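Take a look at these structures.
Below, chain A partners chain B and then partners chain C, in two separate complexes.
Presenting the complex of A and B:
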């Protein structure tokens, strides 16, 4: 217990960790706010710069950027109607109308407070549930891991992008990239096309930087002509009675955020959509009609997207499954540092868990401080033109891709995936599912083969085992339901019910 | 009542056909791992993924059957022109070529020199002139890169 407490407070008491968390949050707010930069991009690039650091320092910076970045997107959503991050899309629905009414300061203040409430709630749930879930996950058989990974990939396929087919293609493409190289069991070359260069696999950091950095930079070239809008902001600390009024809604939205965030492959963007929808349905008398500057329309998504951060850490730290694209990248960072994300993390390196919990809480305190201050400088910095930003992103990507292995080949891979990512993005594919596929692909392969071996390589037995064990049965049923809900069958069933 | 018609972007169908080809290529490579289909081997999961990619790329192509090209594009030649116009704008082409040359230059020359030339050239090009301010921003950027990566992060630079 005392050990857990000391790990929990480590980031609060160590000046360097304190400074790195603060720096991360501050940097994250700007990264999240500047359209064209994303938290996933920043964390991907950071892995390569911090892999020689002590793991606590590296994690402190990444956690700070993650927490700050999820919040930062809301500021430009409110001020400019340009969500800096996907999780802030719903914030713009009512945030921008509030700014147009001259209430931008109040809206930013309220969104800051609600983000912090959501973030703290997410952290509390993480601390309260993850140890139990981790114990439970030790009982999981390989087939259950296989089903959870399939479910996660299916969810991310169905919840992102233009169509389920595109989502599934993106996930499968990512998983295929993750499998390139020598088979860890038989040392057979897989998907290497006879190339010796590919025997060691493709560095997933290079893939991540290419897809989130270079692809985004190329895509942003289309928006080069957009001129940043100047905004004036006034006093931003909201009155206490206003916070208390929206507290019940923010609690409900926090719960939605944590649950949605904990589903493998979802994240803040989907959590905020769900929470906004909940607010629209549950608030009978909003301060103004939704979409015209209702505070409730700002409170719900802002609380939910930050609560989703804690939620996303739950499957990552207990099952080794990323809750969203950023935690997928953080899994990569943990592996590079020789750690083993998953149920064994709590047994082998419990300090990482408690350190992360304490660090998330600390990051939220810094979020409160930085969120309510420096707004004047902020509105200047987000006006950085894309013509300056885009070449700098390319240079950062080159340095990031090279420094991980000191190998120019990784830089060429990064560029190749950047170009592929650009075209995929143009034609409606999302980058998140590809990265989740890269991370989950090898895990799926391993759990599938273990599950097959456990039933003597009998296909029929394997299928039977998915439905004869209680936990597997639940997971299989949910997986089938998710799959069917994305087919025309759903419409047919609903129509039948309506008729009856 | 007018029926809503879904539109495809110029080049989208061709791209989706290319994805189908990629899926076939991956499936072929996956089959080569074990020289056939086995339920539990190094190649079984890649074959499964190849099949998933093939099925999903076919589903994507199938979804195009009711989609039409944009109203103002009457035939394939016009669609091709629109595709070139949208995605091969001069500044996109110049930037992409410059980025590739920059990567080549890193190997031939030093990182700092090639980065400085790349940044200065791109700032001047994308900002349409403003030479002095572009050079100042380049100098500041190089200084920041040196401070950050050489002094703070101490990473190996190309």
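Presenting the complex of A and C:
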């Protein structure tokens, strides 16, 4: 136990580890804030860079970047309506309207506090329940991932704004984009029209930068004459009673974040979508209607995506299996440094586990410090005249799209989707459902085919399996409930009951 | 009088200096390295571990970029469109050898110059820890009695599990449901949750899980037991005829375009040979469940040709319909030694015809 404690405090007591974690968080915030510069990319570059370093130093820097990066995506989402990372897509829904009301400073302050709460909660769950949570995550069979994807598709009702029909169209469009590339089973090109460039699929980050960045920039050309909103930067740290008021919601969102993060194959992006939807369903009287600057709409995704970080470490540290793309790269770093990430990691090198837990907690402290400083200057970005800001955004989008895979093709896609997104916006379509489709389409495709082949391609067996396993039964029931409550079917069912 | 002479000497010296620059030793700037698989994968891990040693020897920086997608087509296509000056390296796995066969692209490693075949990964057929099968013979017996019932983890057509499955089917019969995952990692996760019954995996991905008791090894794809997995029988114990295909495994290599100048190829080959042979990197490979090969030149070409022939023909013999082109049409010779079921049947037929 005393060993665990000393490992836990290692990063807190060693000045160089302390410094590297701080540096990582600070760097991560900016990497996360720029669309296209991703944490995954930063961490894989760090692998070559830190090759000759001590493993602890390398891990401290990576943890810092990870925590800072997940948070950083919210900055540009709030200020410019351009999420810096897919996990911040939902943050823009209510964050940007807040900035338009002159509350950018307050929104960033609130998102910082909530990110830290989520991050700490994720770390606590990781420290306390990692072995149990990883056992639970292993129970998820392909059919359960299929049900999660279906449940995710039902989020369309929360994301499509005023017109559900437009939302469903947007999800279908997104899902189709997500299916371009190689068929995962037959390894044959699908929807590539014979182009070799398309065999790798369309990068969903490029789609995101186009739809949110360029499309938004083009759309704002309509309001060039409008004087930018004056930002109130006096109240940045939200008052304690406000934090306490949102605490129950942030706890629930953290839980969603940790569990979704711990499932191999799902990460912060899906966690924040589910959390946003949960807030929309569970909060009866939001501070303002959702989509118009509700604080609740900011709190839920921001806590969930940072809680997912702790979750993603669960399968990584207990089993050597990645919880998301970033932890996959960190596993690679452990291998290169001569450690053996696997079930024996916690037995043979227990200090890695406790060191990571302590380091995550430390990184969240730094996040609080760096997140709350410099907001005043950041908020002023919104006050920059549009004629200067918009060209800068477009340049940033091009750089971001190119840096995903150093491929010009991604830039073309980004611009194409920017223009498409502009027209969709003009005709009242929301961008959120498109991203939902891009993320969930491939997951639905893969998990459905896995589940079907597991039962020998018999449709009846497949349907039966959705109800005969405890975990699947729970997920199916939730799916059916959500489906009923979202559609006219609900009224019909209730009427039937009343008549009887 | 001296003036013109001084000038001409100066000019000559300048010219000499200039030509000196033009003929500067390769490499005189950063080298771009393209990894055809994503960050954190096996190819990525091997390349990022090896690169620092090569950088030391060459005295330059190798800038690594992951360009994944299309089972590596994207990354390879990128390098093949760069200048053939030795400043663009491709770090790839075995997949390009099957592109033409699968109809994915019209090129293979035959269109490139191998610098080094770094190492070959070992393969293990793994099952969940609580599986009723203790070795491959148990599993085959069960599968013979209950065809189409066991769930095998796969990674899609042309992936390692499908090739191993094809090899087994070329000498025996293994009728299973194939559940396809995005890679070794998701497959292992599903196996630990008992969602599949077995899966052929690279030892690099599965070794730690087996050592930790979360999975067990049914057979290793070698002719003899290996040190890394004591107690796991070689596959030849259950299927003696499969020996003709061995040694076989996924491999990692460094390639440049065919038109690259010979002296540049030489410099690179020497650097990689030295780096792969270094004690630290050899130790890394062994820990990682891989066998160092360190082949270049003629040997590397032979290795590639043999790999392609064994893999292509076993896939063809197991299920010709799964391929877009026959190995025959692509002029891939049938492995000389392999006695597959199909080959044996052909032989029997021709003998019958002769009689």
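Just so it is clear, the second predicted complex is superposed on the first by the 270 of 500 C-alpha atoms of A that agree within 3 Å, B and C clash if a C-alpha of one lies under 4 Å from a C-alpha of the other, contacts with A are read in each partner's own complex, and residues count from 1 in each chain.
Everything that follows uses one rule, which is that contacts are C-beta pairs under 8 Å (C-beta built on N, C-alpha and C of every residue); 3 or more make two chains touch, one makes a residue touch a chain.
Predicted, not measured: the structure shown is a model, and the values here were computed from it.
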Practice problem: Would you check which partner chain A:221 touches, where first means chain B only, second means chain C only, and both and neither mean what they say? | Solution: first
Quiz item: If you stack the two complexes on chain A, which partner ends up touching A:449: first (chain B), second (chain C), both, or neither?
Solution: both
Quiz item: Just chain B (first), just chain C (second), both, or neither: which does A:179 touch?
Solution: first
Quiz prompt | Partner chain in contact with A:188 - chain B first, chain C second, else both or neither | solution = both
Quiz item: Is A:50 in contact with chain B, with chain C, with both, or with neither (first, second, both, neither)?
Solution: first
Practice problem: Kindly classify A:142 by the partners it touches after superposition: chain B alone (first), chain C alone (second), both, or neither? | Solution: second
Quiz prompt | Touched partner set for A:196, first chain B, second chain C, both or neither | solution = second
Practice problem: Based on the superposed arrangement, let me know which partner A:403 touches: chain B (first), chain C (second), both, or neither? | Solution: first
Quiz prompt | Which of chain B and chain C A:391 touches, first, second, both or neither | solution = first
Quiz prompt | Contact residues common to both interfaces of chain A (with chain B and with chain C) | solution = 48, 52, 183, 185-186, 188-189, 406, 449, 453, 457
Self-check item: Touching residues (chain side chain C, partner chain A) in the complex
Solution: 39-41, 44-45, 48-49, 51-52, 64-71, 73-74, 77-78, 102-105, 148-149, 151, 156-159, 177-182, 185-186, 188-190, 192-193, 195-196, 207-209, 211-214, 284, 287-288
Quiz prompt | Complex contact set, residues of chain A against chain C | solution = 40-41, 43-44, 47-48, 51-52, 138-142, 181-189, 196-197, 199-201, 264-265, 315, 319-322, 325, 328-332, 335-336, 338, 340-345, 347, 405-407, 446, 449-450, 453-457
Quiz item: Tell me, which parts of chain B touch chain A in their complex?
Solution: 9, 11-12, 15-16, 19, 23, 26, 29-30, 33-34, 39-46, 49-50, 52-53, 56-57, 59-60, 63, 87, 89, 91-92, 95-96, 99-100, 102-103, 106-107, 115, 118-119, 122-123, 126-127, 137, 141, 145, 149, 153-158
Quiz prompt | Parts of chain A lying in touch with chain B, wherever the complex brings them together | solution = 48-50, 52, 163, 165-166, 168-169, 172-173, 175-176, 179, 183, 185-186, 188-191, 193, 214, 218, 221-222, 224, 385-388, 390-392, 394-395, 398-399, 402-403, 406, 408, 411-412, 415, 419, 423, 426-427, 441, 444-445, 448-449, 452-453, 457, 459, 462
